[in-house]
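First the structure, then my questions, so here it is.
To keep things simple, chains are lettered A, B, C and D as they appear, and every chain counts its residues starting from 1.
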Amino acid sequence: MSRVLSWDRSVFVLLVVTVAVGAVIDPDFAGGSNLGFVLQDIGEIMLIALPMTFLIMTGEIDLSVASTAALAGCVLGWAWQASGSMAVAVLAAVGTGVVCGAVNGFLVTRLGLGSLAVTIGTLGLYRGLCYALLGDTTVADFPAGWTNLGFSSIPGTPLPYVTPLLVVLAVAFGVVLHLTRTGRWVFAVGQSVEAARFAGIPVARLKFRLFVVTGAVAGLAGIVYDLRFASARPDGALGFELAVIASVLFGGVSIFGGVGTMWGVVSAVLFLGSVRSLLQLQGVPGNALTIITGGLLLASVVIPVVAQRWSAFRERRSRVLAAATP
Amino acid sequence: MVDAEPLVRVRGAAKAFGGVQALRDASLELFAGEVHALLGENGAGKSTLLKVLAGVHRTDSGEVTIGGGPFEQGSTRRSREQGVAVIYQEPSLFPDLSLAENVFIGRQPVTGRGAVDWARMRRAAAVLFGQLGVDLDPDRPARGLSIADQQIVEIAKALSTDARVIVMDEPTAALSASESERLLDVARRLRDGGAAVVFVSHRLDEVFALCDRLTVMRDGATVHTCPVAGTDAGEVVRWMVGRELTDLFPKTETTPGDVVLRVRGLTTDGVFDDVSFDVRAGEIVAFAGLVGSGRSEVVRAVFGIDRYDSGSVEVLGSPLPPADPRAALARGVALVPEDRRQQGLFMPASIARNTAVVVLSRLARRGVVRERAERELAAHWAQRLQLRHGGLDQPVERLSGGNQQKVVLAKWLATDPRLLVVDEPTRGIDVGTKAEVHRLLSEQAGQGLAVLMVSSELPEVLGMADRVLVMREGRLMATLDRAEATQERVMLAATGQASVAGEGSAA
Amino acid sequence: MNGGLRRVLAGREAPVAGALLVVLAVTTAVNPRFLSDQGRFDLLVAIAITGLMAVGQTFVLVMRHVDLSVGSVLGLSAFMAGSAVRGDTGGSLLVALLVGIVVGVVAGLVNGALVAFLRLPALVVTLGTLYVFQGVQALLTGGTRINADQLPTSVVSFGVTGFLGVPWLMWVCLLAAALGGVFLRTRRSGRDLYAVGSNPPAAELVGIPVARRTLLAYMVSGACAGGAGVLFLARFGGVDSNAGIGYELPVVAACVVGGVNIFGGSGTVLGALLGAMLLKTMGVSLSALSVPEFWQQAINGLLLLVAITADRIVLLRRERSARVEAARHRREQVDAGPALPTDGADRAGHDGVTTTEVVR
Amino acid sequence: MRPTRLRLVAFLAVAAASLAACGGGSSAGAGSSSSAAAPSESASAPAATAGAVKEGLKIAILPKAINIPYFDAAYAGAQKACAEIKAECEQIGPTQATGAAQLQFINTVIQKKYDALVISAADANSVVPALKKAQDAGVAVVTYDADVADTSARSVMVKPTTPDLIGKSQVDWISKAVGSGGGEIAILSAAATAENQNAWIKIMKDELAANHPELKLVDTVYGDDDAAKSAEKAAALMQSHPNLKGIISPTTVGVAAAAKYISGSKYKGTVQVTGLGLPSEMKAYVKDGTVKSFGLWDPGMLGYLGVYAAGVKASGGDPKAGFKAGDKDYTVDGDGVAIVGPPQEFTAENVDQFNF
């Protein structure tokens, strides 16, 4: 893969092509209401993908994000019923996310445990706490003013209320990753933890904070999820963790850390959302959609490798040819 | 030297990696029953040639024969089957497997039904260890084994294959004196048993003590082969570097100023013990000693990379908190680490990014790192250190070793330190760049910088240092002033032959 | 055998087995029916499927890889095996097993080829094939499902009967564990898997055919997941398109609890099986102890965290004491060491270059 | 990449597919024939039916999830109705039964400008906003099998039978099976959050307290509609309650798993199983004597009536006033619910007559 056609660029191109092709073959696809729907539909995934990009860039991973979001969602419902104040409930939910992230961060950075194993454990723990908190009940009496935020559009536009949140956070995370010292540190830690420590980068503290931020944003996503579905339930956001990770990896972030761009990830989330919507509108059955998701994820790792081997092969061949020519 | 026909013959071997010609015209003849030294500077092509014999690489052209017939290249397994065993500089054992299994991996003795015969394997390993004169438990896992013992396991592995050709790539680099001696004995025994032993070492004394013949390589080609008996060290060095070595160490005379670094009683159990010393402004203090004597560990602890168990570190009169590199940085301490690729650089990142990574906050305005300031900084240092590069956006992984080292130095000098700690500042870089680095360090010290240098190269230590601290087995054995530091004294202290050489014990 | 005994006691299996015994003892003390004939039988049935998959997963984990697609493979194989014997009446159990295992092996080949030959990260590859296999299964299944009355009695009764008080399903699991354990312990190629996981570059250097071994490990993992599909079919007397969804992380968790290092190099089939037993037993015993339903999942998650934390602490302690011990040993050796001849140093002087170590 | 499809690997495959179990109500009539059977009370309603149904309507049938025999049977009934009113109908749906997954398809219905949507809500709350949006876009929304929490999000609900009947029938069945001696019984439900299950369980408790003092409900456990988990929960019940005499599982996955477990254990014959199950899945256990009887309704009728109700609404009528399906009239109560009839009880004698 040459630098000109790096994977993140390719994903962006794919996104543009998909939208263009979609608009031609299906007028409903490019309509405002469908656009709004797609944005709403990817909301939580996009939110969590932003900090997850940071984490994976540093070579860590957090599988507990969906459980964190669900727990925050449950706390939102529980706190709303207990306090009668949505402001209190929202604070409690985000706070829950922060605590969940801090627990992950503590176990990984202080005890030196592998983040994969730790977050498999907290994935079960946090989800279990959801059930412990709400049991078999569903909280569905959020004030209408709030739930409207979850699923209606900004007046005069087809865009859901979550749009500005997504844009602001995506830009903010992008700026931090690509323009600030913290962002440089993230790249550095992903490229070589050891060199980062020698360069005085507070690796453990940085990672701890990333876990906390991931938890906080997952908590936020839990609130968005609750409002979108007008209910808080212990099985909310089930399975989102793999959706998020697949998006981040598809966006060109290396699972080994140190490589990736925020706009690649954002493009990937939008692309996968668009493809899915387009196929759905074309009546492609759900079964095929599952295969396509897996196929795209595989393609995101297979294609760069095959392309690299192909170009290496061509280079070798041209060298051999050049050597053979007198 | 016994047979007329060499056991292994390499003629005109060439090998390129990408655009780099690692071997151009390498030749080597090995006879059964000799220890053959292979010498040359880093990058001369020794490792590549060895890896051809090991089956890791395949030559592009040239001829390799073994026992008179063609040598089948390109498979480590085939190499072994053809009687070649290689002991690498960095032993690569399997930490989770037992020592016995490490010796026999892939060739474990099996019972009639094809099951691994653990008891037999254990006994066989014990016999091998016995032959090598070490007391190692064949059942213990390799994890946590000292480098010397790992080396022994590697040799046991070679012995167990009944190898005809045994290649040792810098086997003694990390060994203590007695361990080295034990190893040389082993090599002699192998030779007496009729094997051809290839011995790569930078310690010429060992070469002269052990080897029968030597081959010198330079720039991918063999430049000289002769019996050891008829030559001496100076001649060998000239063959290696291709010119006379003069004025390598442009030492600037300075008057030491205030104490910048004061270390007292620094101890980490099992690593180093009760280390105390001072470094003054304008002074270059060198840590000498064998690899593994704890020098690097001490400077890592001083800088805060590792935690220490007891002792104190003061910078400019006030204590430095332990295990906090940022605090050390803030107080003007910089550490150029030992392992450039792993610890010094972010290989995929650009020259500019690498240069600026420690001083980002200085380059940021309202939190946003200004790319222009970053590039200006990098350009400044690139020019100052005469960095040869293809643009500041070039990833450092594409630079040569010497230029990479310059980037590391630039990165740390950019912090404008009061104390510069350099760990093996010239390891693996070419002679020309080496001199540049030495000149730079001298110059910086001349301007009042305190320099603490760890080096395994005695000439560098003797040529550069105002004071020499000698470590052995985690203990500070001697402190020698520039005037009293001689090669003999340093080596004696480092190898424990005359423990404290009398003068200037540790502070 | 002294060494063998020592190894067992020092190994990672002993604490897991100990914990298992404690759980069994406590639960039985509180609820004596927990280990009644039927209780034991039910417990073993519940363990068999996860246990079998954990056996296969061990092969992959010791090589420093992972196979997340096992749940999807289970579903696919259960359906294919079920279809193959649907409507038959005779003893087609073997046919079902054969079909299931072949499906698993093929799936393992796909995973293994991508990981071994293209050198792709296992986590990403098997996450991708998780979706692909699941989608393939759903496409093949369509809206159908296979019910108990369509299956030959040999298959259905296989799921509920046993031998010597141990369910047949558990015998399958034990057989696989025994074969896998013997292979990993006594075959050269089995030992290669540990070598690769312990130090991949070194494995290449000593000439281990890494790609072939990787392929083998994934085929074993696939075969176990495929076999587990047939067990699933027998146990539930049917299969629908949701079979196996969500099984992968519990399987990995079982291995981790059983002392299989997620970073490769160590761990045994026995440990993985014990891990699966411990987790399942714990789950069942929480019910038997009448722990409130809604707290059980949280407790299970917590236990996993405790297991890996304890493991880590033990490892750190061991490394530290090994380091101190090694240093002491080295120092003794040096202090007692023979004198080094210094003639090398004398000989080296020439042209102002006094050196013992020139040019590192 | 959406939530739904990625949910695959959730740590403990919780509630993913709250498969069939749920209930809408259709008459007990076999197959999907509308004229046969249909002993429903509603059939007696006066012909206050809305105006004629337009031809050529485009109707979407959205089950909780596809690949489920129960819903395929319902779809067969829907297709029959569509043929009768000359509508074009199509079943769409996710592979995982969640409200989140259904959203996608509701959006498709809106974008593709279907005239009507007949949906079984996988989650009573989470699809409400989307359904309201669909109504705003002019789509006629009818629920079948499982309703939504906010009744203004649909015009009518075609319910298989009343929760009351479902609850009481199951208590009757277990009472018959256990015998007059009575004893301890337990409930094996689906997900803890499944509203319909919880409603039925409440009715069962009331019914037990009121009319069956000989039966003592000792535990309620949740198998999350996962076969393995349900079987393990059934086994665990036997451990914690040695004197258990019966299990009620008001969910098709749970009842099949419990029956399978009991049939292979020593409890066969001493512990009774009943609940809501599919004849095709339960056939084997009824015949081997593990299960004396169980019940369900004809899913085909759900789809059949759902399409008719949707057709009326999409043609500008109001099915809330009652509607005509085939040649029968159905009443609709104040909550907009059309009831089809009591559940059908299946026994060894009649189970072979049903093909879903």
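The rule we apply is simple: contacts are C-beta pairs under 8 Å (C-beta built on N, C-alpha and C of every residue); 3 or more make two chains touch, one makes a residue touch a chain.
Everything numeric here is computed off the predicted structure, so don't read it as measured data.
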{"item": "From subunit D, the most remote chain by mean C-alpha position", "value": "B"}
{"item": "Intercentroid distance (Cα basis), subunit D paired with subunit B, Å", "value": "73"}
{"item": "Where subunit B and subunit C are represented by their mean Cα positions, the distance between them in whole Å", "value": "39"}
{"item": "Whole-Å gap between the CA centroids of subunit A and subunit D", "value": "35"}
{"item": "Multi-partner residues of subunit D (each touching 2 or more other chains)", "value": "5, 8-12, 14, 16, 66-67, 95, 192, 222"}
{"item": "In subunit A, residues with contacts to at least two other chains", "value": "120, 123-124, 127, 131, 135-136, 242, 246, 286-287, 289-290, 293"}
{"item": "Subunit B: positions in contact with at least two other chains", "value": "none"}
{"item": "Touching pairs - complete list by chain label", "value": "A-B, A-C, A-D, B-C, C-D"}
{"item": "Touch list for subunit B against partner subunit A, complex", "value": "303, 305, 325-326, 328-329, 335, 337, 339, 342-349, 353, 356-358, 360-361, 364, 367-369, 411"}
{"item": "Subunit C contact footprint on subunit A (complex, rising order)", "value": "63, 107, 111-114, 116-118, 120-129, 131-132, 135-136, 242, 245-246, 249, 255-256, 286-295, 297-298, 300-302, 305-306"}
{"item": "Contact footprint of subunit D on subunit C as seen in their complex", "value": "31, 33-34, 37-39, 41-43, 45-46, 49, 68, 71-72, 130-131, 134, 138, 141-145, 147-149, 156-157, 159-161, 232, 235-238, 240-243, 245-250, 283-284, 287-288, 290, 293-294, 297, 300-301"}
{"item": "Of all residues in subunit C, those that touch subunit A in their complex", "value": "114, 118-121, 123-125, 127-136, 138-139, 249, 252-253, 256, 262-263, 293-302, 304-305, 308-309, 312-313, 316"}
{"item": "Of subunit D, residues touching subunit C in the complex", "value": "5, 8-14, 16-17, 19, 66-69, 71-72, 95-96, 192, 221-222, 226-228, 231-233, 235-240, 242, 256-257, 260-261, 263-267, 280-281, 283-285, 287"}
